[in-house]
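As written, the chain order gives the labels A, B, C, D, E and F, with residue 1 at the start of each chain.
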Amino acid sequence: MPVVTIQMWTGRTVEQKRALTRAITDAMVTHADVKPDGLHVIIQEIPKENWARAGVLGIDRKDV
Amino acid sequence: MPVVTIQMWTGRTVEQKRALTRAITDAMVTHADVKPDGLHVIIQEIPKENWARAGVLGIDRKDV
Amino acid sequence: MPVVTIQMWTGRTVEQKRALTRAITDAMVTHADVKPDGLHVIIQEIPKENWARAGVLGIDRKDV
Amino acid sequence: MPVVTIQMWTGRTVEQKRALTRAITDAMVTHADVKPDGLHVIIQEIPKENWARAGVLGIDRKDV
Amino acid sequence: MPVVTIQMWTGRTVEQKRALTRAITDAMVTHADVKPDGLHVIIQEIPKENWARAGVLGIDRKDV
Amino acid sequence: MPVVTIQMWTGRTVEQKRALTRAITDAMVTHADVKPDGLHVIIQEIPKENWARAGVLGIDRKDV
């Protein structure tokens, strides 16, 4: 019954979110020995201008 | 002076949020022995397509 | 089915945690119109030396 | 480069954590189209007395 | 390589976010002895109607 | 009055935490235009065996 919170950039499709949350649920059941009922996977979508890596905002990065 | 973060689906009215945060503040003061000043209650509203329970996205569930 | 995460100092008794989580659950059901099943309330206990308010660590404060 | 935070009860072995974080990393790379470098998976272990479901602390539940 | 998550009201400019995340990154490198690579600073912007202090929603406060 | 949560490995001294939280508070006041009163900085210390980067647990990494 754990809670998994994903922080990532905005922009995934519903189909990606569907596959991602299913795969993470499977990983939790397989490896952490939890029951799926009551297991939450929550996606927090963060705009690129609100996320810095190594001190550089996503909107300012050249490598992504 | 704790911090309470609520993750839930979008869709509550302002009046519901007002009553909810007041009730949670009261619960903290009554049961956790904290002062209300500096006590934060933060609501993070999550779209149904970003929240899976038991591996099923909120937009795909039939029971809610 | 929301998730409520409480960040607060260490030091509450089990009886306080029992009463607190029950009261917060009641507040969620009453005011946010959620079902209790699948509703999680999680307490993250933080040592005083890991929490600063107004730039002052809990272990350095004179007012608490 | 997302951040995945897992809140769950204490008690998994190091080997379970190793397999779990690897599987979640794979799920993120496969389904969310992210690069593994800079992808963090963080496990927050919560004692049973600090986690309530449906208003009942983990230490008071009969079904787990 | 830590993760810093900032919860604050909406409304800062991109220039403020750029300066803020750079300053926090510098603080982490200087005082926590971490490498900037893989260090994430994430801003979660919260509407005033979703944040209560001392039981009063941001939209209801007179002092801000 | 924001809330800043730092997730990082265990192991900093109290003096490092004192300097770090003060510097982050200063950064928030200077760049995000907030008042220090009610501004919380919370450090969540995570054991190396609970944190994976690029799918590798901290205890298994050779580069740190």
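Here, contacts are C-beta pairs under 8 Å (C-beta built on N, C-alpha and C of every residue); 3 or more make two chains touch, one makes a residue touch a chain.
It should be emphasised that the depicted structure is a prediction, and the values quoted were computed from it without experimental measurement.
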To reach chain F from chain B by way of touching chains, what is the minimum number of steps?
1
Could you pull out the chain whose C-alpha mean position is farthest off from that of chain D?
E
When the contacting C-beta pairs are counted for A-B and for E-F, which pair yields the higher total?
E-F
Just curious, how far off is chain F from chain A if you go by their C-alpha centres, in Å?
21
Chain A to chain C: how many Å between their CA centres?
24
Can you work out the whole-Å distance between the CA centroids of chain B and chain C?
12
Residue numbers of chain E (touch at least two other chains):
1, 3, 5, 7, 26, 37-38, 40, 42, 44, 53
Among line, ring, star, complete and other, which best matches the way these chains touch?
other
Full enumeration of touching chain pairs
A-B, A-C, A-D, A-E, B-C, B-E, B-F, C-D, C-F, D-E, D-F, E-F
If we count contacts the way the header does, which residues on chain B are in touch with chain F in the complex?
1, 3, 37-38, 40, 42
List the residues on chain C that touch chain F in their complex, please.
7, 44, 46, 49-57, 59-60
If we count contacts the way the header does, which residues on chain A are in touch with chain D in the complex?
1-9, 12, 16, 19-20, 23-24, 26-28, 30-34, 38, 53
Write out the stretch or stretches of chain C touching chain D in their complex.
5, 14, 17-18, 21-22, 25-26, 36-45
